[in-house]
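Chain nomenclature is as follows: A, B, C and D, assigned in order of appearance, with residue numbering initiated at 1 for each chain independently.
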């Protein structure tokens, strides 16, 4: 009924970004800067909790980081230790009540703020059990299950209490827990999402989803939080604790972070994202060479693989489009406006640079195909003589249970179409997807350390029960605010 | 440091108002109208939940009823059954998360919305027990304790589940519970707060704190929900169930509802508030006659007893002030503005009607005394030759544990001052408080059916543990939004 | 199409209120307080201009005084001299651009802020002439015509420039002009609208529409600005200048200010409004006595004449209703809601005080009759046995050209109906309007000093051209903001 | 005192962008899309006026295009003809009242909406004259002078009236005038700012500052509005009229549009901006070759010349940074935050791509130098071994009087510094600015058709009186809203 083409929404929803810092008088401001550096990981809401060692304060709201926070709100959060969160929730609709970090108090262990990046595959099951025992849930977020596990009277010792909690979690999770005196960073045994540790020049430890957040606050990268590791940061410094045995740690880093999610300036899983993407572009050039006048990236994510393709092929790198950076708030296009106009909303084609030329168009990945099709159509209208689409990743055919919000498989363009059918649908002269092997050649650890489930269908974390990733959302409650 | 004289805030905070209606296609609109009629019972926030028999929708926000709801939000709530709530919470600070009705879902009994008027004296104790057992609380409201009791796996039968819940509650409570198919109205065994049942011309049952809400929606008053009674309303009609034995029912209606809270147009506890207040004024005239030129009420609550005093004494009733009805949002006066200006912010004295005259000034009650003093000072400045203050209730000296938010006893003007000292402080020529006996003569049931604790110190509900009514508020969490 | 019954809008639109103060360090704050005291004169918008003797600052916005101004905006306006304005414009739709005071700068005389209460009858004509000469108008307010007259290169001397300007104005006007060094107060030669001068304890001169504004800021009433007088206030004190000859001054004070507009606490045109209204009520009792059990005012404006009627007749004064003071922002009732509910939105009938009783219901004036009818219907439904309506003013049959926004004559209930027909329409047992003679007996100056045009059709200011009071509004421009 | 480093503000303020369309049922929506495509020309405010042939409607507000307009406001503007404006005003502070298009009505010619891109050099003088004659100005924008000229009773014939008006204008101006039946597009005799004509597939004529706006709405480029030309568009089609003699037309296109302002996808002054910038980069490579490992643009404007430099030099084009596109509203950094953090707010350096490498860094232009210095410093910190800065335009040393808001000359880095001093200030190993000759070689018309005043100091429009471009802003009025 409604076109619902939002001007500013990416087609694949990013998940979440985390940041924490312990012991800097400007902790709230630095967290704000670090969240802004990681804004690409979640644009729906942002929140910061900070503590003076006794009380924890919270401010969170829907919107971009620079929209949510003002000088006043950040001044109110002034405290030496803080954690922050940007969110696009994968489970949990867009209510205000789902904004993170969550902040609760309990007479067993006092106050705690919790921020989560990932997706639990047993959230639904755990929630059912808790509700049967009388627990009250107030959000539709899977993170609330973690809160309830933490609140169980399991053990007086914080470390054992956390291990008891983690024993019950299945799926992908990076967690930051802010107690008044301690900041805890936790990464699941598969290391699906990235989480790294840095230190500022003044000696404050920081934790972040991506290294670009460390750079933003002038912190030096120390190391990743390891899969299956808990890191405790307090005034005595940093202390590590593994919560699973060595043998239970089976790295399965999300390769889609390398393909699309992470910022090219970041190092994730031990290597620079830009260089990985360039290598993917180079692999693509080797797998599917073609004669052409220019290599043109689909803006803006495909710039890196396009540079790799151009260098490997010797065909000049060029701009085909300019893109609007003035997105402002999300804007819904009305029904009556021509759909083709809507798809071009964010880009201007450089006609004089395109007309009559044979183009290699590089895309990082294709999900539904509608956006790619629109952007390629604009090049065609501008007079490109040939268009050869090169996609720097394999066809996406399987759902992700660990935090990426792909659309229903039925809506994935590669779900039930051959490459030739996709080529025809997109209206290009030739089409090549980078092979899975090519993708793994482009990353260092091609020995099974990466999760490729959305491409290969091989899930590293066993899915043990009839899983319904949307079950938390489909509830009888409708809150609007 | 800051004067904090708010233009629009009453000095004693009203508690809450409830309304529910079952089976009218305009249920949300009627609830809106009924909440507006009861706006005097709570000005901080308003909320409505409505149901189509399957799903429950909620909208709640801080502000006056006409500010919170718009045509659009009411249209979104369109459903045949609804409950609503206006709030000034007695425990629970002013966070958004404390807005009522609460709406939760549980896999034991599905969805339910809960609205509460009153105050539990064992909320703190229950909450501690729950937290020790692993429960997670997200608000600072005592109503959340009720939610947790309801969620306990006590019994599959709804009625028995409710009785189990009610067995654990101590204090004052009127409750509305909205299940998809059933609306339940509950009143504590003391009947401390009012709750009545009506029926619209179209046959829809309604429940309301005050009869003025029934009048507003064109409903006929049927009867009060009795102390210790649960009333179930569904498509089969109305069904009653007592949840305590007859002997456990010991009526203790809040006499302050008659003195100050309830609207003069309402009947509460079986009699009309205006007529009760007039009788209080008449008692006052008999207890403390004086020669004077005019009887002038302190606006606007003392109009009723002033009419009673005037009629009984034969002294003409007059206006001493006009009052501003354009309060708008709360406005904080800056420090630098003269305090005497601030206190006069809402009233204009009719100087020509006051100058050189001997006035009997009638006030309904005196809490801190600062406002009364300011208003009387304005009459004095305008040239009144004599001012005789007559207060239509006894001195307030004791805290209320059942839902009235008096200030700390130390701030009550009558706490440690004699009547003569108060007279001097207020700057009047004579002062008389109505005796407790006089108050009880003015109501029908002077046989102990009224709770007079704030005047007499006699508490009908035993306070069994070291009670701290503010404990829920004093937590380590600071959420601002 | 849309019911458009606003919850908070009065049925006759008040015009405007003015306030000015010279030489108090808290001038902006005092102006804020004084505008709040005069909020009844205009609820659509509020504005303040202040000056430090060189620069003039302005803040104005739609809304109630307490909504428009905050501590921050008032702090920004901190300056020793200020004027303020509350508005319901009679000509000029509700755009933001029409908010007053207007603030302009001109290289002939520098900066000036202008606030106006009244209505020009030749605004339309003047505007046409100006536009033909090349002038650019940016609002639809008749006040902009005054601005253009002032800007004409008439004379270097300010006083002569003002006289030249005033020579061109026809109609009702009270004006405040704020130049950086001088505050000027002007009242038209008929003295149609009130304007008075006061002085604070600290010696600062103030000007206000009503004396209640003087009271609010602790200023003593000195005298009225006289018809045809300009008052200049600067650091040398107060200086007066008549701008018409004595013979041209023909007082024609608006009697509707006494009937309805002004606050009962104010003195306007030399006498107290409350006492005038009481005398009108007493006249009414003499003109139309009746046997009854109680005298009940239609809230809230008829309280004063009802007290007069009760005293004169000996019938007890009583309350029939309570009224909601929590109006909040204007709220539009949806179509589908029953109209009878809508009309009762703001009042609760005290049934037990009305049932079975013979009532004299006093109303101050009847315009369309719809609201009065609804309120009386509510008494009837509550069981009143007899209802005798007594209106404390004559039937309104003629339009006002001097600032009162009566509806089109066709919509006035008395336009083409006899008193008997109105009685039947309103559903009362008997009806009496106070005679024009009775009204004039109630005011001191019954020798023709009052304008009674809306009742009598006798207009003191000759209307010399085919006048269309809405012409400024009917333009080709639609600005929404 | 306050750092005032705004996150989202460009260092040189863009001026304005225009769009108009005649005879398309979706005119308002298409104008919205076209303004969005030209958002880079002005981010402070946006406005649209539309007409049905009789009435003109207006909506304008501060903010980005997608923030200002919603589906609802655009629906309200639904009309077949519209003009729109995005603004950063060069004269005229940021008041709401300065938002364009201006909309006025006059009894000589009815209603008209006016949008202006450029800067008048005699606005101040004209305004003084008008004020002396009694005119009233309500904004501080120079566009209001145009409005007053238009309103003068010069001639009944519209064309002659416009010519009379244009005869009085000196400076740079592109104008769109929307009369109910006619859309007029006007360009000054120097053609300083761009303005072009297009036609949609459905035959509707459109006018736009840049061709990228035509592309966005699917309109084909027809031709530029010529210097000194008026174009009338009505239902009879398009009609042209020169308002100066051929000899008075002396093209002086702003070369800074090619360097920085215009979108690379646009053609302005007859050639594609991207290709011009690439040629500038190539010229730069020829003028200042260097041995290096990579060519890196300062994001995001220098991508085009960097591609040109890379191609000409054979050094690989690379990314040094990623940039945040999630700017949201302007955000003010607090004082206490480290300035170096602030300058990095919008970019992340790709460290692994920079460390140990010799870089040619390409910048399009350097104004104050602070931003460039910060961005280069970030590369240095990331470990670049050599940094050679190449600027694709000459040093900016002179003010612009035709619409570009450079800072005070004293703040221009090239004002009084040699190239060596600038090199040291920026902390680079070598620095070269493209010569003016090189710039002109990169554009087609190097025969004096371009204005190079900011680089060369040669002004094409004689500045005849002591000109003060900020005079309109320095007034005695302070309006805040």
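The criterion applied here is as follows: a residue touches a chain if its C-beta (ideal position, glycine included) is under 8 Å from a C-beta of that chain, and two chains touch if they have at least 3 such contacts.
Note that the structure is predicted; figures quoted are calculated from it, not measured.
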Q: Tell me which chains count as touching both subunit A and subunit D.
A: none
Q: Identify which chain pair among A-B, B-C or C-D reproduces the interface of A-D, meaning that over half of its contact pairs, matched by residue number, are the same.
A: B-C
Q. Which chain's centre, taken as the mean of its Cα atoms, is farthest from the centre of subunit B?
A. D
Q. With chain centres defined as C-alpha means, what is the inter-centre distance between subunit C and subunit D in Å?
A. 49
Q.
Rounded to a whole Å, what is the gap between the Cα centroids of subunit B and subunit C?
A. 36
Q) Rounded to the nearest whole Å, what is the centre-to-centre distance of subunit A and subunit C, using the mean of the C-alpha atoms as each centre? A) 61
Q: Name the shape of the chain contact graph, picking from line, ring, star, complete and other.
A: ring
Q) What chain-chain pairs meet the touch criterion? A) A-B, A-D, B-C, C-D
Q: In the complex, go through subunit D and note every residue touching subunit C.
A: 54-61, 73, 76, 97, 103-108, 110-111, 128, 131-138, 144, 147-148, 151-153, 180, 475-481
Q | Contacting residues of subunit A [partner subunit D, same complex] | A | 7-8, 26, 29-30, 33, 36-37, 39-40, 43, 63-67, 69-71, 74-75, 212, 215-218, 263-267, 272, 274-275, 300, 303-304, 307, 311, 316-319, 321-322, 324-329, 331-332, 334, 336-338, 340-341, 344-345, 348-353
